[in-house]
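After this come two complexes, each holding chain A, first together with chain B and then together with chain C.
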Partner chain A sequence: MTILNELLLVAILVTNIALSGNSRLKTCIDIVSIQGFALGLLPAVIGLETGMSVELVVIAIAGIVLRGIVFPHLLKKSIQNASASRELKPVVGYFLSTLIALALIAVSLWLSRRLQFLDPSLLLFSTVALATIFTGTFIIVGRRLAVMQIVGYILLENGIYCLGLAFVREIPLIVELGVLFDAIVAVFVMSVATNKIHEEFEHFDVAKLDSLKG
Partner chain B sequence: MCSPFWWRSSGGSDYERYASFLNSLCDCGTIRSPVCGHHPKDEGFLFREERISLFQTYRDLFKLLHKGIVYSKSVSWLFKLAPLASLAASLIACAWLPFGGMTGLFSFTGGFLLIAYLFGAARFVTMLASLDTASAFEGMGANREALFAVFAEPALLLGFGAVIVAPGNSSLANAISVAQNTTFSDYGVVAALAAVSFFILALAENSRIPVDDPTTHLELTMIHEAMILDNSGPDLAFIEFASSLKLWFFYVLIADIILPLFHVGLVARICGTFLIVFVLAALTGIVESSMARLRLMKVPQFIGSAAAFAFIAILLKGIL
Partner chain C sequence: MILFNVGFLIIALGWIPGLALKKASSINKAGMISTMAGCALVLISSIIGMSGVFVGQLYFFSWRMPFGQALFSMEPLSSFFLFIITLISGLAATYAPAYLRHYGDEPSRFKSHWFFYQILVASMMIVVVAQNAIFFMLAWELMSLSSFFLVEFRNEKAKVRQAGWMYLVFTHIGAAFLLAMFALLARNAGSFDFKAFRESAYSIPKPLSGLVFIFAVIGFGMKAGFFPAHIWLPEAHPSAPSHVSALMSAVMIKTAIYGILMTLAFLSPVSAWQGWLLLGIGLVSGVAGIGMAITRNDMKSLLAYSSVENIGIIAVGVGIGILGQASANGVLAFLGFGAAFFHVLNHSLFKSLLFFGSGAIQTAANTLNINEMGGLLKRMPFTGAAMLAGAAAICGFPPFNGFISEFLIYTSAFSARFETPMVRELYIVLVLGGLALIGALAAYAFTKLGGIGLLGEPRTKAAAQANEVVPAMYVPMIVLASLCLLIGIFPSTVIGFLEPMLSSLNLLPPAAVLDGMLNSLRGIQLSTSAFLAFILFLAIVRKFIARNKYIKVSETWGCGYDKPDAKMQYSSSSFAEPFVSLIAPLTRPKVVGELPALHFPKMKDFKVDVQDPVLDRVVVPAYGWTGKLFGKFSIIQHGNTHLYVLYIVLALLVALVWGLGL
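Then we have the complex of A and B:
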């Protein structure tokens, strides 16, 4: 476990908390982009430790480009002509969300300890991965705007990717790229759907979707 | 028992202890001047047109000490006591401060709790004195100060916890000597998180810009300054000196957290501490020049982020 590795993982943790306490859509997307960059760099840093290979470089570049640039770009497109620049009435308030995100980190630390890894350096890895998954799920449940739910989904996806890096260091390239492709299709479809919702209803508050129009 | 400090729990010669304490006394003003020199056209650190001398704070203190004191007819002894009491509390707190690997004047188990409460006591007497003047503005200032203190104090204790709490180790000087034996990857992330947490706290506790605007002329937007509107002359000098000691305390504390990671000699450590302190002062200046004050409702969230950083640091300490 090098210091670089740890710093990236902690950066991911900090972005989780920053996301759960932020109401501005644009800032949230920027934070997701930062998290994408940190996550994309992780395979490269692992490569520095254990010996660089072509596979790791390809995975790192694909990760950085998709998670750090493409996803945020798609999200920014979908809020471009949105009426709301921030989420005013989330299901769970922002201060409480921050506290819950902190508690989720503690819970994932406890869970990771229960897993009893042979290699102690995996503990931080799996803590960060689980915390990201939990925070993503929490954001999907705790926000009303569709864009924020996509952000939650990206977080979930990031967490799963991180968990994969923790448990299976040598994931085959084709599996890795397949997962990335899966994620990009999902995000793409969701942003298109969000755009459609916005065109149709002039908002993307999912809580209002069950009321009939016309 | 030849030493007057027989109750100490960790090493360091008496000379070092005195040196680190005297250093705090002498240097706290120089660090305060570039950050918050009182200048009529104060436009922050970056956009200031005239240079401010490093010794501006001392000049101000000297000037204030030679002025007379004006007391309102309605104030009691409490108002006269408060500036001295807050200065005394800050001085005692600085006596615990390790400097560049030298232990502070005192150090014993659990000393960090005393530091937190000393700063709390200083704040408490200042608030009482401002309520004593029965001025509406000062009461409002005290109200806001109390609100922010509620959020800042848990963050401060969590931060101390992140740096200090380890098996068999509960004094500030001990924590730093323990850290000197660790490697970068053992302690680096915890130190970084704790340093960020303490930097946010330093801005909040010393009423710097995202929390409070110290140069504002509008009483309605004042927080800390509103509480000392009625103080004048030497009393004001005591308050200013106490606040520069507090700023110095936080900066040196951050330096003490970061510096043990680099295994260097005493002279290099002392130089490094000065360097880090000046970098932090510059950072504060950049924050002040580039940001406006946060809305009052946003401030608890800002201070809460310090607590969040410290909390992550404590959690990670269990892993790393």
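Then we have the complex of A and C:
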């Protein structure tokens, strides 16, 4: 575990906390972009440690391009003609959200310690992965706007990807790319859907979806 | 055996050619032909099977089924039920195309109808031959579902949909009990095969055997329509097309009787209380069913309640049989089970006859309300005569077949021997009194159906314009009516036919007793033949005397009035009034309008609506409570997406913490 590696992981952790406490949609998307870059670089850094291979380079480039550039771009497009530039009435307030994000990191750390089969050197890795997953789901639960739901989903994806890197170092290229492809399709569909919801209902408040319930 | 396989396949796949056809009438014909062909083949194989040639042989479909093999056999008992299933299904298929013509010409509706019809027939066949519990349950569920969709034939009507749902709910409650029962049996036997159940029958501990029996009575009783689970019958039967009502009422509910008989073989030796229980349930179902039938004005609803009564009589027979086995009284067991078998056969004949008849009247007079009929015997001579024969048979009048099964039960009252005279007297009072009461009430109900509906003068224009239906519809009825008559005249022949089955079930009494029994049946044969000959003689004499004489034909029940009116006749409601007011404390009928009073009364509207007390005061409130109870769970089904995701997150977290932390 090199300094560089740890630095990236800590960056991801910090972006998680920053996301939970931020209300501006544009800023949130930028933070997601930063997290995407950090995550994309991870395989390359691992490669520096254990020996570079073509696969790792491909995965790193694909990760940086998709998570760092394509996803944020899609998100930005989906809020372009939206009336709201920030989320004003979240389900869970921003101060409380930050505290919860911190608590989730603590829970993740505790859970990672209990993972018997885990190499102790990977403790930070799995903590960051679990914390990202939990923060992602928490954002899905705690925010009203559809864009933030997508942000939550991307975080969830990032966390799962990170967990994969932590537990199974040698993920076959094809699987890795498959996962990425799944994620891009999902984000794409959700962005389009968000746009459509906005066009149709003049808002994209997910909490109002229950008016469709019979 | 090959006959059975081929016939089964023809029925199970017979709906496929219909899919390619475009015209409703050709779809109906295709369905009719394949059903009839398949039924004919299986009918032959079942007659062979009843002689006992397939005893002890197991067959299987080469199909990898979970929990065992798709085993089946053609024991005489199964063959007997197969015989009834195929006979009635074939006749109903003959009747169906002409009847269905009155339901428009939308092809898809008839395609699905024949699909479910043939699946129903095929699944009923499997139910009675299956030798593995899972296989049995699969067929049983298929039977319930296909009949549910058949009831939903006219699903554009809200009432039909409601009736279908009620049937579905009841049949699923029953199925749950059956699953529990089979699970208990399988735990004891270590296998789901019926053979294993039978072999381990003696090793079942007493309490478990009692529990299994109660589950069987509840589970099969839901399908059979034992009181108070009879509620779905009067809802579902009037909603279904008539040939489907005939099939369900005459055949499908009998598979439940088969189920109870089958379960008894898993529980030997039986105990006396089981017999008493079935006897009691049978008597209550009989009296309550026929009592409610009297109050009905809808012909098919009346017939449905009368099915409850007849199932009750069959249950009485089975109960007596169990009492006989439990007290090691071979004669009693023979009489009880014999009466039950006989009545299963008889009821399937006359009940399908009556349902066919009500369907014919429905198409001809465009009504099922007995109040709106009248004078139909003159206008529909074949249908009317066949229905009168069916009504006489169902009341147990000689020379028809219903008399024979009731005669066997009556006889049983005198051959019962119990340790204490008290019990014996109780038994005699219950059986004789109960059956006599049921018989009298049945006569009341069917006098109403025959006398008000078929005799007299038409009460509406539609009834006055009714014409006889096409031969495809009345020929099945005539076949059934003649079978009723033939069985009534030659009962000892039928007993001979059933002998292999009774002996395979160890039910044949000592030869001397059997001979005595057969002798008394031959006595019936002689006296009914003499009676018929006498009637024939009278008819000839009448013809002879009336020859060349002036005969004045006037309106029925004109009572010598100058200008009689159809309104002067008894209506269906007024005929039933004495009984309705007698049981009013139980049923609390709803009265709309008031009776005309004083001289020169004005025009008045008067209507009495009798609700089934079980439906009104048990089932409907129970539905309400269940809805309220489970409505409370809708708090967690609020439609809020955030909280749904939260459930998932919390479940994940709890799972992780539980898995790793503890």
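Definition applied: the second predicted complex is superposed on the first by the 209 of 214 C-alpha atoms of A that agree within 3 Å, B and C clash if a C-alpha of one lies under 4 Å from a C-alpha of the other, contacts with A are read in each partner's own complex, and residues count from 1 in each chain.
Criterion: a residue touches a chain if its C-beta (ideal position, glycine included) is under 8 Å from a C-beta of that chain, and two chains touch if they have at least 3 such contacts.
None of these values were measured; they are calculated from a predicted model.
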| item | value |
| --- | --- |
| Superposition on chain A - do chain B and chain C clash or fit | fit |
| Which of chain B and chain C A:105 touches, first, second, both or neither | first |
| Where the C-alpha centre of chain A sits as vertex, the angle toward chain B and chain C in the overlay (nearest 10 degrees) | 140 |
| First (chain B), second (chain C), both or neither touched by A:17 | first |
| Chain B versus chain C as contact partner of A:137, first or second or both or neither | second |
| Contacts of A:27 with chain B and chain C, given as first, second, both or neither | neither |
| Partner chain in contact with A:91 - chain B first, chain C second, else both or neither | second |
| Which of chain B and chain C A:115 touches, first, second, both or neither | second |
| CA minimum distance (chain B, chain C), superposed complexes, angstrom | 18 |
| On chain A, positions contacted by chain B and by chain C | none |
| Residues of chain B touching chain A in the complex | 184-185, 188-189, 192-193, 300-301, 304-305, 308-309, 311-312, 315-316, 318-320 |
| Chain A residues touching chain C - in the complex, by the definition given at the top | 91, 107, 110-111, 114-115, 134, 137-138, 140-142, 144, 206-207, 209-210, 212-213 |
| Chain B-facing residues of chain A, complex | 1-3, 6-7, 10, 13-14, 17, 21, 94-95, 98, 102, 105-106, 109, 120, 123-124, 127 |
| Contact set on chain C toward chain A in their complex | 638-643, 645-646, 648-649, 652-653, 656-657, 660-661 |
